[in-house]
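Attaching a single structure in structure tokens format; questions to follow.
A, B, C and D label the chains in the order they appear, each numbered from 1.
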Amino acid sequence: GEVGPDFDALIAADQRIEPRDDMPEAYRRTLIRQIAQHAHSEIIGMQPEGNWITRAPSLRRKAILMAKVQDEAGHGLYLYSAAETLGIDRAELLDMLHTGRQKYSSIFNYPTLTWADCGAIGWLVDGAAIMNQVPLCRCSYGPYARAMIRVCKEESFHQRQGFEILWTLTRGTDAQKAMAQDAADRWWWPALMMFGPPDTGEAAKGGHTEQSMAWGIKRFSNDDLRQKFVDMTVPQAQKLGLTLPDPDLRFNEETGHWDFGPIDWDEFWRVLRGDGPCNAERVSWRVRAHEDGAWVREAATAYAAKQARAHTQESAA
Amino acid sequence: GEVGPDFDALIAADQRIEPRDDMPEAYRRTLIRQIAQHAHSEIIGMQPEGNWITRAPSLRRKAILMAKVQDEAGHGLYLYSAAETLGIDRAELLDMLHTGRQKYSSIFNYPTLTWADCGAIGWLVDGAAIMNQVPLCRCSYGPYARAMIRVCKEESFHQRQGFEILWTLTRGTDAQKAMAQDAADRWWWPALMMFGPPDTGEAAKGGHTEQSMAWGIKRFSNDDLRQKFVDMTVPQAQKLGLTLPDPDLRFNEETGHWDFGPIDWDEFWRVLRGDGPCNAERVSWRVRAHEDGAWVREAATAYAAKQARAHTQESAA
Amino acid sequence: MSTHTAGLTASQLTARYALQLGDDALVYAQRLGEWISRAPQIEEDMALGNIGLDLLGQARVLLSHAGSLDGTGRTEDDLAYFRDERGFRNVHLVEQERSDFGFEMARLLWFSAYQAELYAALVASADEVVQGVALKAVKEVDYHRDHATQWVLRLGDGTAESHERMQDALTRVAPYVAELFDDDPVSVAAAEAGVGARPKSLWDNAFAYVSRVVSQATLVLPEQPTWRSRGGRDGIHSRPMGYLLAEMQHIARSHPGATW
Amino acid sequence: MSTHTAGLTASQLTARYALQLGDDALVYAQRLGEWISRAPQIEEDMALGNIGLDLLGQARVLLSHAGSLDGTGRTEDDLAYFRDERGFRNVHLVEQERSDFGFEMARLLWFSAYQAELYAALVASADEVVQGVALKAVKEVDYHRDHATQWVLRLGDGTAESHERMQDALTRVAPYVAELFDDDPVSVAAAEAGVGARPKSLWDNAFAYVSRVVSQATLVLPEQPTWRSRGGRDGIHSRPMGYLLAEMQHIARSHPGATW
């Protein structure tokens, strides 16, 4: 539709755009895509850790894990609500997830093979997510920014819990230590890929970075965030006593940053295309839950309609 | 139909009746009922032990158990074939099992709670079954008698395997010993009930013993077989170091038999009526397997018909 | 493995009682945990997770209490992860396999109707820990029961399909209901000691509640089934229990002596 | 947990190779064991039990051999019951959950077509135990493959429903096929040592066999799927594996040090 002068002015003044404000269609579409992908990531992200709820090795950890996965469902809900303020509804968004027309974070296409993976997800995956998400708390779109504030608060709690799982394992039996190291070996590179392809070079093509930056949706480049994450995480790995699986990892005295080796972008693109270890499983699991629940949702709708009719008739009488 | 003089003469001479021979309708019906019940018991009897195939605690035991449960399927097949010689087919018999119109041995309505129960079933349940079945090797109906010869040979093998499971457990850790004792506690009385209600008194009413004896289908009374079983089993329990759960159990010097306490016939009748621990589960498990496999059996029938047609056309050409 | 209570000290009796209440809660929490990421809608992933968490919370306090009173000094994890099937004292209802959502709501309706009465009574328990659990749980269970109630209404009085499925679910749950209200020796002795409640005494109110919901949902309570479950309080369980424990305990058992 | 073969002694290499062959057989035997009492007809309870027993027999010899050669002195039971998921080297195909009978026959067709070629090659193995297993297994696997073939024909060319279900089963199995024929480092090194066979070298014959059966059954082989399984030989497994091991190992792990 027609976009008034307010939008550009608001963006220029670093003010929030609200649902009632006019906005360019491309801005709206970009936000829907991004918020939906984020919401889907929360929902699909329930699966890798959900895989361990029934097997968590202590009741305390079981309770923490259940609460965490439940939080992810909650994040999904806030985010779908934020997307709905842009004039699309959750059912449509879920349908796009189920039919592969919208994506979720590729990190969730990796399997959780041991209990230590619950730790690694909290420490590395939630850690990387926070790094991506903190700037979004200042995103130009109000409802998204507000959702992110709430999400980030809980994520940092989850990150600490993940670190604590690994802390306990690395102080445990030899088998536990090996489990923790194995998890770090498998999750480190995929976590670095979470920041997306590099900002320059061959792999950077087709990204949305520039426009998103101009619109105040994105605040930092992929590579900057990735470097921040590495700088934050390496000392934590040292504290844990875990070796990160990168022979090129070393502190650069000149730049004050940790240098790291080349990322396997072929793997990144392969997983993104659908050939990751769990792509097929994640979507089919989600679709099965949705289909198994169709009769329940239909019943709820029918019941609500009956109640509304009864209420109307009562009021009319 | 009309029954010639041969039948009575053959019975009187303790000769075998064969499928081609005339026989009284009641004899035929009694045999169908008994052979079918016996076949059903083999098939339902796969479940309690089948419950442990995926969990058997050593690969050797897993292999023995798989082979045993497979033997039970084989016994079911021989016995259904024997019943089919009496002019009824397996599908009809299975239908009567599935709809509760024919029974199976009540012993299989008890659960297998621990690995030791696989031992107790072999030792006590197969032991009691053999006691019941050995006389049937001389049953007046030929096909049944011949099936029983084969069945009994394998059953006595199973009985030894069950004894050996318990032998190992009773020489094992405290937990293993407790497991073995617990199994003996739970299976002893149900095993005694396998011989059926007493031959005299209130509980004896409505039995078929007398006629079956006259027809040479049954050779010993329930109580006689039960006593034989007790006399055989008590010394085995002593060898195992297991206490049988009957404070009245003592050797009677006068009779040369082991006296035992009163059996809880209320429990027997309750389980027979359908209110045993696993009645509902056993039948529904069986029915589900049958229903899940319906499309497969239909396909096999359709394919066989196509093949037969093709063959006929070929021959005609 | 007997449930006879003769010769138990007061502490041991309370331990036994706490153990069976704790086992019901633990095992049902385990089943509810299976729903997370599989529910009909995301709100329901959260709700079932919440209910599971409440039950897990009850279980942890009750099992710790049992372990500290019974003289063995076992922790909640010792009891949850290193006890064999024959030692678990939960009723069969909670150990049945996860089925469809209708079955879950039928199970939750009965279980929470039972627990609502149970904890209402245990608020007066002479044992402080049991009383403490009850004081917290009455509010939690009120929410569980309301949640199940709302769904039974929606499903019973929703579509033709949901009506039929909800009715079928009530039938499938029916054989497991009576066991909740059986007067087992431990509960009876605990009730006499002022610590527990007699299960039978909880029946009238729970039944009245469920009946009301079922009839408002345009459903009928099924006839008394031929077969009914028994034995959970004696450690006699149904087929699914061993598999549930295998899954729950496997990692802990794979690392004996480890802390997590 | 690496599968790099540099620095392995000849015995250790053979041990690694025997282990992965043994794990395929063990895990598939475990899945086939689930069918017993659940098959479409009693003959099939027996047949699937038989095939499971054959595979279990192969697994026992191969695991014992692996344990005796790798320097750890582990027994078949140590390896089956006290190894963690990351240590299992089987392909994903065999660990997938039991599904319907069509899926099982599709899986068995591919697996036995693979094993038929594998053991035909291993009859010439320089390792006596591997050779011994192969000599026995070629006959067994010939029966397995024939059994699967007969069913794929019946289901493919049976009723309209069975045709559709069998076609669907082939599609569901498809993503797990390629992994069987991947040249993993252990197999390649074992082949070079004259002990093993290169998985890639088995593909042509196995594919030709399956193609023939599928087409005779009036079915079509599905397109190459977007996603395919990887990683089993490195101990990277799919979701069902942990649950399979929990069930299989639970009792043994519950009684450490016990003999059975």
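Here is the rule we go by: contacts are C-beta pairs under 8 Å (C-beta built on N, C-alpha and C of every residue); 3 or more make two chains touch, one makes a residue touch a chain.
Which protein is which chain? UniProt says C, D = Ring-1,2-phenylacetyl-CoA epoxidase subunit PaaC.
None of the values given here were measured: they were computed from a predicted structure.
> Under the document's definition of touching, what chains do subunit A and subunit D have as common neighbours?
Under the touch definition, subunit A and subunit D have C as mutual neighbours.
> Could you pull out the chain whose C-alpha mean position is farthest off from that of subunit C?
Computed centres place D farthest from subunit C.
> Report, in whole Å, the distance between the mean C-alpha point of subunit A and the mean C-alpha point of subunit C.
35
> Roughly how far is subunit C from subunit D, centre to centre by C-alpha average, rounded to an integer in Å?
Comparing mean C-alpha positions, subunit D is 41 Å from subunit C.
> Taking the mean of the C-alpha atoms as each chain's centre, how many Å separate subunit A from subunit B?
Each chain's C-alpha centroid was found; their separation is 59 Å.
> What parts of subunit D, by residue number, touch at least two of the other chains?
If we look for residues of subunit D contacting two or more partner chains, we find 84, 242, 246-247, 250.
> Going through subunit A residue by residue, note those that touch at least 2 other chains and give them in order.
Expected reply: 55, 175.
> Report the topology of the inter-chain touch graph, choosing from line, ring, star, complete and other.
Topology of the interface graph: other, matching no listed pattern.
> Could you please write down every pair of chains that are in touch?
A-C, A-D, B-C, B-D, C-D
> Considering only the defined contacts, which subunit C positions touch subunit B in the complex?
1, 84-86, 175, 225-228, 230-231, 236-239, 242, 246
> Flag every residue of subunit A that touches subunit D in the complex, lowest number first.
Those residues of subunit A that touch subunit D are 51, 55, 111, 113-114, 175, 182, 273-281.
> Could you list, by residue number, the parts of subunit B that touch subunit D in their complex?
Subunit B reaches subunit D through residues 43, 46-47, 50, 53-63, 66-67, 69-70, 73-74, 76-77, 80, 115, 165, 168-169, 172-173, 175-176, 285-286, 288-289, 292-304, 306.
> Applying the document's contact rule, which stretches of subunit C touch subunit A when the two form their complex?
26, 30, 33-34, 36-46, 49-50, 52-53, 56-57, 59-60, 63, 76-77, 80-81, 100-102, 153-155, 157-159, 161-162, 165, 247-248, 250-252, 255, 257-260
> Can you check the complex and tell me which residues of subunit D touch subunit C?
So the residues of subunit D in touch with subunit C come to 84, 242-243, 245-247, 249-250, 253-254, 256.
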